[in-house]
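Consider the two complexes below, in which subunit A is the common component and subunit B and subunit C are the respective partners.
Then we have the complex of A and B:
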């Protein structure tokens, strides 16, 4: 179904570096990924490749002069918990949490878990451009700035098309939770395949 | 549009026919396979419990295969408050097929089948409705609906939270026939002004319209107690303990909230629906309908008069699995059968396909429910802050035509343009006067003019949002109540609107709105299960569309005159 026509495909592998630890750089952003991100799932609910999600987030962070670390969380698939854990490990206290279906949140260490800086609840509306803007805002928050929130999109027909698939992906992601496995820091390796 | 490529992209050659079909709107809808182990299944699952009940010393000690020591709090609440201990063992011994047939058979009265239902457990109720096809489910709804006269409910909201728009669309909705109007917000702080708009506009359209504003529970209750709104609906309940706990709630906390409304004579109902538990990943391996039946019994046990159900905001989940829309009709049947007012869904964007949208609403529209939609979008869906409805303002003429084709009463009617313009204009002027009286940010004549002729929020001048939000806060800070609004309307020359509004407030003293399925006629005569009880008993009985009301529904925008075929009547 998603056979590419012109562009080459980027694939993502997450190479484990070691246990996820508290960062020291005061301006870093942590990208915290949910249990099924990258493996076994490879793309969001609207087929944005996970490689592209990571690439755009990193590019957004980089173009604002920021640095990033990526961690993968196994003990929970609750987006708020994934992101808040990332924020607590982030040197700046700022994290981007991403579920494998694409739902994303910008979080900050000192906020309540169910609060957030910016929430992007409608995964079907998140494309490469939005992920780049989210990365850029994350870098600015990490540098102590107050960026303009990424414009939110709304599509009332997202429900009939995506609600059930979202539920299915949510259930599958829950199945990938490993209560015994602590979060790890990973190096995203993006390979281009023609 | 969603950020996605068309589905047909493929290097394999496909036929022209396939291309046509691929491009049909229905193929933009999402469909998934069942996964019963996780509860992603409509109503037929091997993982639902078998029906059982056991009573000891006047107390239920076993419910659907679980003994009391293993009850979760839903089981406890249902066993202690929803099921009739005296009759349950006999009722449970009745074969399910007999009960299902009694639901359909007109010779069994509503009272008999409702009495039998009081002794049934969730699994037994599921066992009964599983035997029924969708036509039989409709037969059951026709008989068990509480109120004899069907009605309809509307959403009146604004993408810009513009209170003048909400007032004008409320007035139009009221004159078109909606018995209840509800609103909600984009920016929650706007709530007091938008709730005032809904209330004032609703009372302009005609007498007897009830309004509510869906908000976080404490504010919703506050607006109700002040008399700025007249009922409440968005008190959500869930079918598993884990989902309840996720929302920091229990059946007892919801029952307490319900009693707070009752203490002020304010009408209220709970909200639930298939799909919410599996959507949140905590269905505990039960089917969607089984969990919804637990919600229905919980609502009954809490003593509320009614329930909004029919999947509601999770409609995309049952809508995507086999038999899902049958299950949604079945949940409306069970709510009606359990003697609750049923506001029966059809209130959320459901499908890209006009055919599918229509077929989804027929199981409620044809038999008639207490509110066929809960609600119908009385604004264009782009302005619908409940995230869009199954039907909106663009569908008004289609709806009226279906009523006329089928000779069914879906609660609406065709209204001439001059009448609509008049009530929209009056609603906007009434708001202008009320805002001036209460020292709220001025409403200009230009805004009144826009409201008269507008379709959507795009057609209105922008308001000064910050000034409005200050005004909204001052409404709360100054302790403004419904009575203050009545006085402002009276002082500014809108005595008839003030009179309508005052009648709504008076009713909470009489308590008439606490009766099951209560609505008002245009003359403020309450219609409820107590004085307008559904007396359907087969062909020729029950609510029939006839007389003056049928003459009203024969009118459409364009009907060729029989007397002079060169002219139209409307």
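Then we have the complex of A and C:
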């Protein structure tokens, strides 16, 4: 659907605004990012730039008339925990949790931590188009609508082909965990570099 | 006292009623229910009947070796069929309009201008209004940037049409607020260099100009003749929140009627041909003119013709009667709407097309119950007796409902057919069978909601609806809210669900709860209410429903949560007492025939006793 033009590259920096607090808007979606998202990692396991991940998630939410806040979690790199923390801080109770390597989940605060609304476990199959649809669905859940779940792709070869890289990225992400640092709200700043 | 078991083999269930019978007295012990094996009235029924008998014995606490008399009803095979023909289609020529009504169009208002591509905005003359057509793969930031640059140069961009779901995103980034229609999948087929109008209404509203013939005339400066030509476009767009109309030399929207063959109706010495595409009302009117119907044929190669032939073939297989001797005695036609993709559409437009659903029914007098009786006698080692025409026995069973009296009419609402019978004061019983019942309702719900899932349609038919509003509460269709202490399953979150005894089950539709409920109730009304009135009119004295005393509803559909109420409501103006049967005050609408058989055997109420049959 939307890919950045070849000659311009968008980069992401996350500007910290303060401690992550509970939202009050009933239609907001929280995007909860894992410790290494944006910094030091800059792209997913299949080289989708983090700038594009955030841009498409936000675009999906905006297109559906929703609002979003982005938080970064430092104390855990467990996707379920990251997303559930986001959901608890979200005014609508809906959150999108994203790991640096791309694995994504749609969560709701009343669910058990290991449950979910929609789970996208195969990070290598997630591209810009899928992130857009995830954002759009998150906004619709927050508005009390019942969107059709994003079609999940499945690739039998994804596991053998990507498992080693996924394991390395997982270890690196775990190195970025800071047990003493509380989650912060961030403002994604996307700049275009020619 | 002797042990007697009445067995009723129905289209879908086989019911048994066990009782001890003395002279003129009946002591009922228990009843049982099982699925019918094979087509009703065929030797294949033996297995189901044997199961029902064994279960009844077990429920009564008697050993299966106890000598007993088994009474069987004179079941005759009833075979019903269903078919649906779509009779209209919408065709758009020369890509003259886009009316797919995307969820999130951008901006609002009306923009009229020449269609140009995004690249061409760099070259167009500054004083001509343009509608920009954005192709696939364009990023929303880039598109907004390009449009803003064009606006800055003085290009009069008045509207846009896009491929991706980007309308709101682009409009939010523009310096001028313009109407944008997005998600146009075949955007490359939008004619370029033509005058086009794009209209988007505010949320919750519908377009006013492009959905109106004179609105189109004012927009495109049309004369009276041209206005007449574009009026189908206006009609096709009414009710939309957004639309695009392109003025092409011969572009048009046509609502075409599809010829789908004819039905040949024979009855009362006349033969009448009626086209299926005239719709249900005209078909039913034609059937009324040849009443009583003696046979129906459909045109070969059409769905309806195939269905009728199939019904005949099945009956031939079941009874061994030659197909030429099998007559279709009743047909019910129902108008319905089915969602269909519009031909020539640029954005996968779906329009609700008219369709006709037909249910047909065939029955025969040739019963093969003797074979069932023999098999049962051998298997269980009991005496078997066949007797009692279904209608008569059912009326006898229904009469045991507390509060009922002669004259009494029954309506047995089953899966394939609706049966009515009347017991008059003088003891005469008349009975009719009409086509169309539960299966047709399921089919109508399935096609109108576009489910393509029979199980889901069946669930919508059987259970009330609710909307899951959070993980801890649902709002039922009557507006009441129910809270839960344990969170609900994520797969029902925010969904319209059916409330089944096994919990909540999601309905795979995008529409609101109200629209699903409307489809469900309308399907039931058009089949059960229409058939109840139609069947009762055929058995009522002088065809007048006012002369019926009480009407008792029987059969599986009488257990439905709303059908009995709808039928009773429809009968209320005729001064008829109508209610759900409660056989012997305990059995509800089930078991009327089985209980009636036992009562008839004991001779406890008026009517002929079943004829005894030789025992092997």
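The working rule: the second predicted complex is superposed on the first by the 188 of 194 C-alpha atoms of A that agree within 3 Å, B and C clash if a C-alpha of one lies under 4 Å from a C-alpha of the other, contacts with A are read in each partner's own complex, and residues count from 1 in each chain.
To be clear about the criterion, a contact is a pair of C-beta atoms (placed from the backbone, for glycine too) under 8 Å apart; a residue touches a chain by one contact, two chains touch by 3 or more.
What you are looking at is a predicted structure, and each value in this text was computed from that prediction instead of being measured.
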### Message
With both complexes overlaid on chain A, does A:177 touch subunit B (first), subunit C (second), both or neither?
### Response
neither
### Query
Is A:9 in contact with subunit B, with subunit C, with both, or with neither (first, second, both, neither)?
neither
### Query
Given the touch rule stated above, what does A:162 touch, subunit B (first), subunit C (second), both, or neither?
first
#### Entry: First (subunit B), second (subunit C), both or neither touched by A:17
neither
### Query
Where does A:59 make contact in the superposed view: on subunit B (first), on subunit C (second), on both, or on neither?
second
### Message
Under the stated touch criterion, which partner chain does A:127 make contact with: subunit B (first), subunit C (second), both, or neither?
### Response
first
### Task
Take the contacts of subunit A with subunit B and those with subunit C, and give the residues found in both.
1-3, 5
### Task
Would you pull the subunit C residues touching subunit A in the complex into a rising list?
103-104, 136-142, 164-169, 172, 469-472, 487, 490, 493-496, 510
### Task
Provide the residue numbers of subunit A that touch subunit B in the complex, in ascending order.
1-3, 5, 46-48, 124-127, 155-168, 170-171, 174
### Message
For the complex, give me every residue of subunit B touching subunit A.
### Response
1-5, 7, 9-11, 28-32, 35, 38, 40, 275, 278-279, 281, 313-317, 319-321, 348-352, 381-382, 384, 387-388
### Query
For subunit A, which residues are in contact with subunit C within the complex?
1-5, 55, 59, 62-65, 108, 110-112, 115-117, 132, 136, 141, 144-146, 148
